[in-house]
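Across the two complexes that follow, subunit A remains constant while its partner is subunit B and subsequently subunit C.
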Partner chain A sequence: MNRASSGQRRMVIITLAIAGVWAANALKLNPIDLVTNNTSIIYDFFSRALSPAMDYESDVPLGTKPLIVKTLSAAWQTILFAAAAMGISLIGGVLFGFLASSSLMIESARGTVKYITVTLYGLVRFLMALIRSIHELLWAVLFLVAFGISELSAVIALALPCTGILAKIFSELIDETSRSAAHAIRGGGGTPIQVYFFVLLPQTIPDLLAYSFYRFECLLRSSAVLGFFGYPTLGFYIAASFENLFYGEVWCYLYTLFLLVAIVDIWSNQIRAELKL
Partner chain B sequence: MNAARGSLCLKNVTVAYQGIEALAEVSLTLKPGEAAALIGLSGSGKTTLLNTCNALIQPTNGAVSIDGKKFSEMSSQELRYARSRIGFIHQSLSLVPNLRVIQNVVSGRLGQRSFLGGARDLLFPSTNVVEKVYEVLDSVGIAEKIYERTDRLSGGQQQRVAIARALFQDPLILLADEPISSVDPVRAKATISLIREICKKKGLTLCVSLHNLDLAKTFFPRLIGLQDGRLIFDKATETVGANEINKLFNLPDGCIDFGPLTSKPSMLGKSLE
Partner chain C sequence: MKDHLIQLYRARPKTNFVRLSLLVMALLISYTWIGGGFLSSNNSIIQRTENLERFVGELKPYELRGESFNIYSYLSWAKTMMAEKGWQAAETTLAISVAAIVLGGILGNLLAIPASRNFASNFNRDHLNLSALLLAGPARLLLIFLRTIPEYVWAFLLLSLIGPNAWPLVLALALHNAGIIGKLSAEVIENLPDQPQVSLHSTGASRLQIMLTAVLPAALARLLLFFFYRWETCVREATILGMLGIVSLGFWIQDARARNFYDEMIFFILLGALIVVIGDVISTLVRTHIRRIF
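Up next, the complex of A and B:
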C-alpha cells in the first residue's frame, strides 16, 4: 500500500462520515422522537416476545384449526410462494446471467466480437436492471390492481426482481471466474454455450449456491409480507392479529418466520460444507 | 471431411500486440506424425506460436493451415472441427478444479458433441464413455483417480488429467505449452517421455514448448529455436550446434551451463548500493 492510496482511503472515509451526518441532519433525525406517550403499547407488544401465544387469544368458533396448525399451514404457504418464485428465478438467472456475462465474447470464432453479441449483452443487462429496480411488493401491488388476487401473479411478482438480481450476480460471478479452462475448451472446439454451462458455471457453483440460498431467505420474507395483500401467507395472519392487538399471536407468527429463515441458513451451510469436500 | 492426417503449416506468421511483435515472420511445417520441441527463453513467443496453431490467436499477418486448409478460410463449423482434432496441454493445466477427473477428461470432447450430448457426457456418461475415459486415464497412469475431485489431486496427477483430456479428444495434432512447469524434475522426464510415446504409438503430430534443453534434446528429433519472436533455427537435433544454443539463450560462447542466466554479479552489486 503506497502513500497516495492510503491518503485516498482517508478521503473516502471522511467523505462517507460527512455524508452520513449530512443525511441525518437533512432528515431531522432525533432520538427523542422514539420516546412517546404510547409506552404501554410498546411494553405490551415487546413483553409478549417472551410468551408467544400457543393458542388463540380470543374465543374462536368451534371447529377452528388450532393456532399451531394454522401457523404451520401459513408457513407452508409462505414456503410454497417463495419456492415457486425461486424456481423461476433460478432458471431465469442462469439463462439471463449467461447473456449478461461476457461469456459470449470469449474469443468468438473469428477472433472479433460481433456487434450482435454486444447489443444482446447491453439489452439483457438493461432489462435485468429494469425488472429489479421495482421491488417485489411494488410488483405485487401492480399485479393486484391488474389481475386481482391470483397466486400466479404473486409468484411472478416475487420472481421478477429476484431474476434480475440473480442474473446480475450470476453474470458477475461468471466474469470473475478464471478464464483459463474456458479458453482451453474453446480451443478444443467447444461452443460458448458449452463453455458457459460446463466450464464456467461449475466453477462458480459454491458461490452461486450460497447467494441463491440468501435470495431464498429474502423471498421467504417477501412471501410472508404478501399476506398483507390478502394471500394466505404468514403476513395475512400477522396483520389480522396485530389489528386485534393479539400480540402473543403476532409473536408466534414472527418466530415461525424466524425459524424458516434459520432452517434455510442451516441447510445452506450444510450443502456448502459438503461441496467443499 | 477430407483425409485429415495432421499436418501443420505456418507461413510468415506475425502476431503483433499494439505494435509490439510477439511473433515475427515465422514459417514452419510439421508433417503428420512428426515431433518437434520449441525452445527459447521466456517471452520468446513460444506460447503465442502454439496458440496460433489452434486459432486461439489470429495472426496479424501470414496464415496457419491444418492439412492444407487455412484457419482464416474455414467456416465456423470447419474451425470447430479442426480445433476438436487438435489437443492442447496448457501450461496452467486449465482444468475445472471442482469437477471430477472424469468430467474434466470428458470435456475435452465437447468440440465433437452437441450441447445435450455434452451435458449427457458430463452428468450421466454412458458405460461406453466411462470405459473410454478409463482407458485414456490408464494410459497416463491414473485410472484409479477417475471419480476423484480434480483439485484433490497432486500437481503431477493434475498434469496427467490435462494430458488425458487432450488425448480424449482423439486428436491428430498434440500441442503442449511447457507441460512440465508444474512438476518436479523426475516427473518432468517421465511426463515428456509419456507424451512422446503416446504420440509415437498413435502417430500424432507433436509440438512441445520446453525450457528444459536436456529433455528437448533427449526426446525430440527436431528442435525449433525462438528468440524475440523470430525463428533462429529449425533443424534435426543432432545438427544443432552448441554455439547456436548459446546464442539462443543469450549466453557467451563456450558456456553451456545455466549459471549466468540467474543474475550477473556486477548488477547485484549495483542494486545493493
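Up next, the complex of A and C:
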C-alpha cells in the first residue's frame, strides 16, 4: 500500500458518507421521528421479548390446537415451501448454469453450432438476470393476479429468483474451475457434454452444495415472509397476532423463525467446513 | 487399470456428515413434491386459464388498447409514467437502500468488534478466556437474531411501532444487514494474520489501539467489499418494502394491484428490475475498483 492508495481509500469513505447524507435528506429522515408518542407501544412490544407467549393470549374456542402445535405446524409449512422451491431451483440452476457458462457455450463450440450456442448463451444470461432481478414477493404478487391464490404458484415464485442466482453462481463456478483436466479429456476425444458431466460437474459439486445450503436458508426466510400474502407459513401468524396486539404470540413465532433459520445456518456452516477438507 | 480406478474411487474425499445432510435434503424435497400437496389445486384449469387470459389482456397500457402496436406510443406512455410516479419512486427506493446500508454497515461493524473472538480475548491467542465468552457469545447471538428475522418482518413490525415515515423501512433493512455484515466482518477480523496484533499486544497496546492500528487497516478492503455486496441485496429488498405503505416503488406496485391496473403494475415491476440491474452494475464496478486500489 502506498500514499496514493490511502488517498483513494479516503475518497471511498468520504463518498459513502456523502451518499448517506444525500439519502437521509431525500427521505427526510429526522431522528426526532424515531422517538414518537408511540413509546408505550414500543415498550409493550419489546418488553414481551423476554416472556414470549406459551399459550394463546385470548380465549379460543374449545378444541383449538395448542399454540405450540400451531407454531410447529407453521414452521413445518415454512420448511415445506422452501424445500419444494429448493427442488425446482436446484434442477433449474444446474441446467441453466450449464447454458450460461461462457467457457462451455462460447469456447468449446465450433463452426455453425457456435452461432446457436452463443445465441442460447446470451438468451439464458438475459433470462437469468431478469428472473433474479425481480424480487420473489413481486413474483408472488404477479402470480397471485395471474392465477389466483395457489400454493404451487407461491413455490414457483420462491424458486424463480433462486434459480437465477444459482444459475449465475454455478456458471461462474464452472468458468473458474481449473481447465487442465477438461483439456485432457477433450484432447482424448471427449465431447463437451462428457467433459461437463464427468470433469467439470464433479469438480464444482462441493462449492455448489455449500452455496445451495446457504440459498436454502434464504428460501426459508422468504417462505416465512410469503405468509404475509396469505400462505400458511410463519409470516401469516406473525401478522395476525401482531394486528391483534398479542405481542407475546408474535415473539413466540419470531423465536421459532429464529431457531429454524439459525439451525440451517449452523448446518450449512458445518457443511462448508467439512467440504473444505 | 481397473483396479487403479477402483482404488482411486475408494480414496476420494468423503464425509458422512455431508452424505447425511444430502440424504435429509433429498428426502425433504421428494416428500414436499409427493406428499406436500403442492400439485393439487382447488381452482379448475378453465378458471385459471380465463384468469390468465384476462390478466395478459390487461397488461397492455389502458390508453393504447385498441390501437395497433407502435413503439413510439409505448415510449411516450412510459415517459408519462416516469414523470408522474416513476422517478420519484426510483429515487426513494435508491435512497432507502443507501441510507439502510450506511446505517447497517456502521451498526454491523460496531457489533463485529465484540463478536470477533480475538478482540474479545484481548488478542491473546491460544486460549479463550471468560471475557471472550461473555463478550463474543452475546454479541454473536444478537447478530444471528438480527439476520434470521427477514427484512420484511422487521419492516412490518417497526411500521406500527414507529409510525408511517421512512424510518421503519430503513431500520428494517439496516438491522437485517447489520446482522449479516457483523457476521462477515467478525470472520474477516478473526482470520487476519495475527503477528501484528500479537506483537502490538506484547508492547502493551490496548485493545482499542490494536483494533485501530493493526486490524482496521488490514481488514478495510474486505469490509468494503462486503458492504457493496450487501448494498446490491439492499436495493433488491428496497423495491418491495414500499408494499407496506410507504411511498416508494413497492407502494405503487401494491397500489396498481389494488386498483387492478395491471399495465401500471408490470411497468413498476420492470422498473424495479431495472433499478436492481443498475445497482448490480454499480456495485460490480466499485468492487473491481476497490480490489484494484487496495
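Just so we're on the same page, the second predicted complex is superposed on the first by the 243 of 277 C-alpha atoms of A that agree within 3 Å, B and C clash if a C-alpha of one lies under 4 Å from a C-alpha of the other, contacts with A are read in each partner's own complex, and residues count from 1 in each chain.
The working rule: a contact is a pair of C-beta atoms (placed from the backbone, for glycine too) under 8 Å apart; a residue touches a chain by one contact, two chains touch by 3 or more.
What you see is a predicted model; the values in this text were computed from it and never measured.
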Superposed partners subunit B and subunit C on subunit A - clash or fit: clash
First, second, both or neither for A:I116, with subunit B first and subunit C second: neither
First, second, both or neither for A:V199, with subunit B first and subunit C second: first
Subunit B versus subunit C as contact partner of A:L152, first or second or both or neither: second
Contacts of A:L275 with subunit B and subunit C, given as first, second, both or neither: both
Which superposed partner A:I185 touches (first subunit B, second subunit C, both, neither): first
Contacts of A:I32 with subunit B and subunit C, given as first, second, both or neither: neither
Partner chain in contact with A:W22 - subunit B first, subunit C second, else both or neither: second
More subunit A residues in contact - subunit B or subunit C: C
Which of subunit B and subunit C A:R221 touches, first, second, both or neither: second
Subunit B versus subunit C as contact partner of A:G235, first or second or both or neither: second
Segment of subunit B intruding into subunit C (one of 27-35, 99-107, 117-125 or 261-269): 99-107
Residues on subunit A lying within both footprints (that of subunit B and that of subunit C): 275, 277
Residues of subunit B that touch subunit A when the two form their complex: 51, 54-58, 76, 79-84, 86-88, 90, 92-99, 103, 107-113, 115, 118-119, 122, 149, 165-166, 169
Of subunit A, residues touching subunit C in the complex: 1, 5, 8-9, 12, 16-17, 19-20, 22-24, 26-29, 33-34, 36, 38, 41-42, 45, 79-80, 83-84, 86-87, 90, 129-130, 133-135, 137-138, 141-142, 145-148, 150-152, 155, 209, 213, 216, 221-222, 224-225, 228, 235, 238-239, 242, 250, 254, 257-258, 260-262, 265, 267, 270-271, 274-275, 277
Partner subunit B, residues of subunit A touching it in the complex: 107, 109-111, 180-181, 183-191, 193-195, 197-199, 202-203, 205-206, 275, 277
In the complex, subunit C residues that touch subunit A: 13, 15, 17-18, 21-22, 25, 28-33, 36-39, 41-43, 47-48, 51-52, 55-56, 91-92, 94-96, 98-99, 102-103, 144-145, 147-150, 152-153, 156-157, 160-163, 165-167, 170, 220, 224, 227, 236-237, 239-240, 243, 253-254, 257, 262, 265-266, 269, 272-274, 276-277, 280, 290, 293-294
